[in-house]
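This is the structure I want to talk about, given as structure tokens.
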Amino acid sequence: MLSLIRAVIGRDLRLAMRRQADIVAATFFFIIVVSLFPLGVGPEPDQLRRLAPGVLWVAALLATMLSLPRLFADDHRDGTLEQLALAPQPLALIVLGKVIAHWLVAGLPLVVLAPVLGVQFDLAGDALAVLTLSLLIGTPALSGIGAIGAALTLGVRGGGVLLSLLVLPLYIPVLIFGAGAVDATVTGLGAQAHLSLLGALALGGVFFAPWPTAAALRVALE
Amino acid sequence: MLSLIRAVIGRDLRLAMRRQADIVAATFFFIIVVSLFPLGVGPEPDQLRRLAPGVLWVAALLATMLSLPRLFADDHRDGTLEQLALAPQPLALIVLGKVIAHWLVAGLPLVVLAPVLGVQFDLAGDALAVLTLSLLIGTPALSGIGAIGAALTLGVRGGGVLLSLLVLPLYIPVLIFGAGAVDATVTGLGAQAHLSLLGALALGGVFFAPWPTAAALRVALE
Amino acid sequence: MLEASNLECVRGERCLFAGVSFRLEGGEMLALQGRNGSGKTSLLRMLCGLTPAASGEIRWCGRPIAQLGDEFRSELCFLGHQNAIKEELTPLENILSTARLAQEPLDEDAALAALELVGLLGREDLACRYLSQGQKRRAALARLVHEKRALWVLDEPYVALDRAATELVAGLVGAHLQRGGLVVLTTHQAVAVPAGNVRELTLGDDVALQQRL
Amino acid sequence: MLEASNLECVRGERCLFAGVSFRLEGGEMLALQGRNGSGKTSLLRMLCGLTPAASGEIRWCGRPIAQLGDEFRSELCFLGHQNAIKEELTPLENILSTARLAQEPLDEDAALAALELVGLLGREDLACRYLSQGQKRRAALARLVHEKRALWVLDEPYVALDRAATELVAGLVGAHLQRGGLVVLTTHQAVAVPAGNVRELTLGDDVALQQRL
Amino acid sequence: MRNKLINWFRYASPQTFYPLAGRMIPWFWGLAAIFGVAGLFIGFLLAPTDAQQGEGYRIIFLHVPASWMSMFIYLVMAFWAATGLAFNTRLSGMMASALAPTGALFAFLSLWTGALWGKPMWGTWWVWDARLTSELILLFLYIGFIALQAAIDDPRRADKAGAILALVGVVNIPIIYFSVQWWNTLHQGASVSLTRAPSMAAMMLWGMLLCALACWMYSIAVALMRVRVIMLERERHTDWVRALLRGKA
Amino acid sequence: MIHWNSLAEFLAMGRHGPYVWGSLLVMALLMVAEPMLLLQGRKRLIARLRRQHRAEAAERGQASAGDRSMANGSND
């Protein structure tokens, strides 16, 4: 079982390496969105500091969302998905592997970059730490929840938009708790509560989501 | 010649209708980005009003950028692009048609929606008018410039990221003049100068860009 | 072993076929025939359990495949119109990662041997996107060389292959039949399989739903 | 009319072929043969002017095609491995919009007649994504029914087609030859063309570049 | 037991359900009208002024029923979705699809009336508090469900995909309901509960309950009407639809 | 019994008139519109299905009379 998940992760990472695009895409998008804002909004440090958690979290959300359509679409197009669905192992495990790989490729880099970008917005040390932590906890939830949407809209007319329509409402809590945690730190309230809620979302997202995702994939292949 | 451009526009619009996704995608993304911000940043009207031009213009830029990779990719994948390249008419004209169709599908809706979303940010009447006008002038430039990038990165490993990398620097002037026009109106300076610079960019984008784009497409097909 | 009774396939407003029944034992091959669009691909996908049948039942060793689930899938090897190879990976990587996902150990030598057999040696380190149409198909078919699962379901395996490769694949199918395997296959080309018992099934004209009352 | 002299094709480290020359007059067909990966597709793309040749020259009516540009392209009809149909559009919309883009007036009746000929009547309003593999190919080939341009370049047109459709396409090719057209075509299947003068050209084994010194 | 199951499946067949639904619809419309008129009469004409909120509180007679219905319809929809996935009955998917638009309507009305209530009470149309946000998510879930089904051509596939989405979204319902307890928010807590004595005037309570009943009847009537349309559309090739349409010509 | 003294007072709703009536109006409108739209959609659907069924009946009459596989005319 573990070896299957490992095989899936290994394959997806190798593909991402080979394409390169995928690793950089979400990350690059994240950087762009975050850095364009000061350009459009103007450079007053006070204002920027207040904007920071919101901008960073919205950017993370958008970056993840944009990488979702490709989560299963490539495998669908070239017939690999059928092969995976016909494998004698539970499809949900394979999905779990793909979700983890997606997070490694699209989520983790955001976590690593967040402190660097946060400094641009003049965030203080503890706020930076909470920002990074909240992203570390929150991004797996984004990948997990997103997988459901990606599977449901696979091969469907108007997939991309539909995907955002389905996934965004489910992302809003993550955004609120995530940005809320940083805000709470900045205003001195303590981020504990927000972070534990985020953690619950992440656990649910990663370990519960593969089942509906697998079911949706089987429906998509019918 | 005109009939060729019309045929291209007609075909692309019909495809967009059929997919529906495309029409809604950029638009929906625009709405999302614009509405997520108050969520992440907090709802103080004063702050929001100052953010408005930046947020709206950054969102428009991102929305356009995201719809770019598909400008030629679908035609490339299913072999239609080869057919277009083998047509006995100048490829640049066909590209011009595609750029216009792209603007109609991805740019125009943003212009229409901007005032509605601007109201959410509590913008005053003249600022709203200038915002809409600046988008009306600026978005064709985004489509035209974007086409060059889309053609250059067609079928290239890591296309999507490379595309943003190529296109963004060229978009930044549009962003600065566009958001600047609105800012100037809000601060009472008059938007005339910014708008005429935008107009020059748009003319260049739409009428000059098809030539390098066509050349890049021929290279991509080799 | 594989038994289908009274299968019916409905697509949109059309009933592609109805009342299709057959029984296939070890060492036998079912060659599906029929016009373009007569429902061959649809039938194969039903046999794999990818698409549910509108009515009728498919049994493997006497039990419905829907019940068997993973047990059935571990006996099944499906190759569709799509090649299921990744254009970014090389043929070698493709065959190795396919085996790893199927949890079947395959060492690099065996993989190279398979690639040599299908004539891709010398291209094993070239990303599949550079391969010619037929070479891509060969890369996909290389899986069959070491495939030991009992039931092969192949959808037009010979498409895009040249004569030599076609014969090679027919040989692989024949060898599988001789080992006691089962094969269900569609093709529009007349290709003789060297061994095994070949049965034919021809799907007829489809019927618009409203005419079936 | 079409003349190639001393064409050479280099891909990566490999020289696929070199010194390929031929001359084709009106009413003649060139049947390209060769193993998978021998460079047939690459040669066809050169003839269309999509890929430049590593060396050698292609002339149409005595003038290099690179010079002719649009003049040459207005005489050329190319059909590749890809079908060049849009999956979202119906076969009817596909054929009409292809004609409109090629600036060749085609009315709906003519389009429907073409679709009827290739056996897609009854599916003319179904989005192409629902078509079977062979039906998609038929939709792509429906262009040929009313195609009047002189030079047809067809890359494995018979792939995925059933017997009836294969004969139909061979018939279209034959009729074109009889009208005095030119055809360059590849296929791995043995399909007889009913009329016209068929010449064969076989591409041999490719040579690694370093061995050609 | 077995007999009951068979019985149930009999009614689960569209052919028997269609005329049955047709006969029930007028009754539900009648009840909806009676309850609605009574509830609005009590709420808008008889009920006294609220001590804290003045007359603005009367929105409660619209807001609370709409909010309750929006949540309850989702639960029913998810129930049908689950039975559809488990037993593969044709009727289940149709019921789920028939309920979604009405649910979306009530979710929208809950937001609309809530916003119109919030402006005079809290001084703002909207705050991003847990209940308001989760109710908004509910509306998006309904819209997502409808959009997803609309985007899939094959109705059986559409049913299954929609069912998966509906079931995933169920977690949102307890969050809406309990959000006022779990987080301290601007929004009011439950004022009707079975264990405590009702904390509002009996007249208000009656008005609210009657309005809620009216919304119930309305929802059932509309859902039955819609499910009949869906049945005709999906079963258009069957004998019974043919006979039906011929008979009515 | 009735809580209000005058119609004007009732309409003013203690200065909350726009909010209360805004809620009621929209709710009533939508709840009337939904069944209306449904009835209209049903009528259109029935008309469409009747047309389809008639066309099919006509086609079937032709089909049983002879050539049915015109759609696949090119096949054997």
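The letters A, B, C, D, E and F name the chains in turn, as written, and every chain counts its residues from 1.
What we mean here is this: a contact is a pair of C-beta atoms (placed from the backbone, for glycine too) under 8 Å apart; a residue touches a chain by one contact, two chains touch by 3 or more.
All figures in this text were calculated on a predicted structure; none of them were measured in a lab.
Comparing the centres of all chains, each the average of its CA atoms, the largest separation from chain F belongs to D. Two chain pairs, A-E and E-F, are compared here, and E-F has more C-beta pairs in contact (counted per touch definition above).
Look at the CA centroids: the one farthest from the centroid of chain A belongs to D. Counting the residue numbers that touch the partner chain, chain A and chain B have more than half of them in common. Averaged C-alpha coordinates put the centre of chain B at 41 Å from the centre of chain E.
The distance from the centre of chain A to the centre of chain B, each centre being the mean of the chain's C-alpha atoms, comes to 26 Å.
Rounded to a whole number, the gap between the C-alpha centres of chain C and chain E is 48 angstrom. Among the residues of chain F, those touching two or more other chains are numbered 53, 72, 75.
Shared contact sites, meaning residues of chain E that touch two or more other chains, fall at 128, 151, 153-154. Each of the following residues of chain B touches two or more other chains: 18-20, 39, 157. Contact residues of chain E toward chain A in the complex are 85, 128, 133, 136-137, 140-141, 143-144, 147-148, 151-154, 156-157, 160-161, 164-165, 167-168, 171.
Within the complex, the chain A residues that touch chain B are 18-21, 24-25, 28-29, 32-33, 36-37, 39-42, 47, 50-51, 53-55, 57-58, 61-62, 66, 157-162, 164-165, 168, 172, 175-176, 179, 183. Considering their complex, residues 148, 152-153, 156-159, 162, 165-166, 168-170, 172-173, 176, 204, 212, 215-216, 219-220, 222 of chain A touch chain E.
Chain contact summary for the complex, chain A toward chain C: residues 3-4, 7-8, 10-11, 14-15, 18-19, 74, 77-80, 82-90, 94, 221-222. For chain C in complex with chain A, the residues that touch the partner chain are 48-52, 70-71, 73-74, 76, 78, 80-89, 93, 97-98, 100-103, 127.
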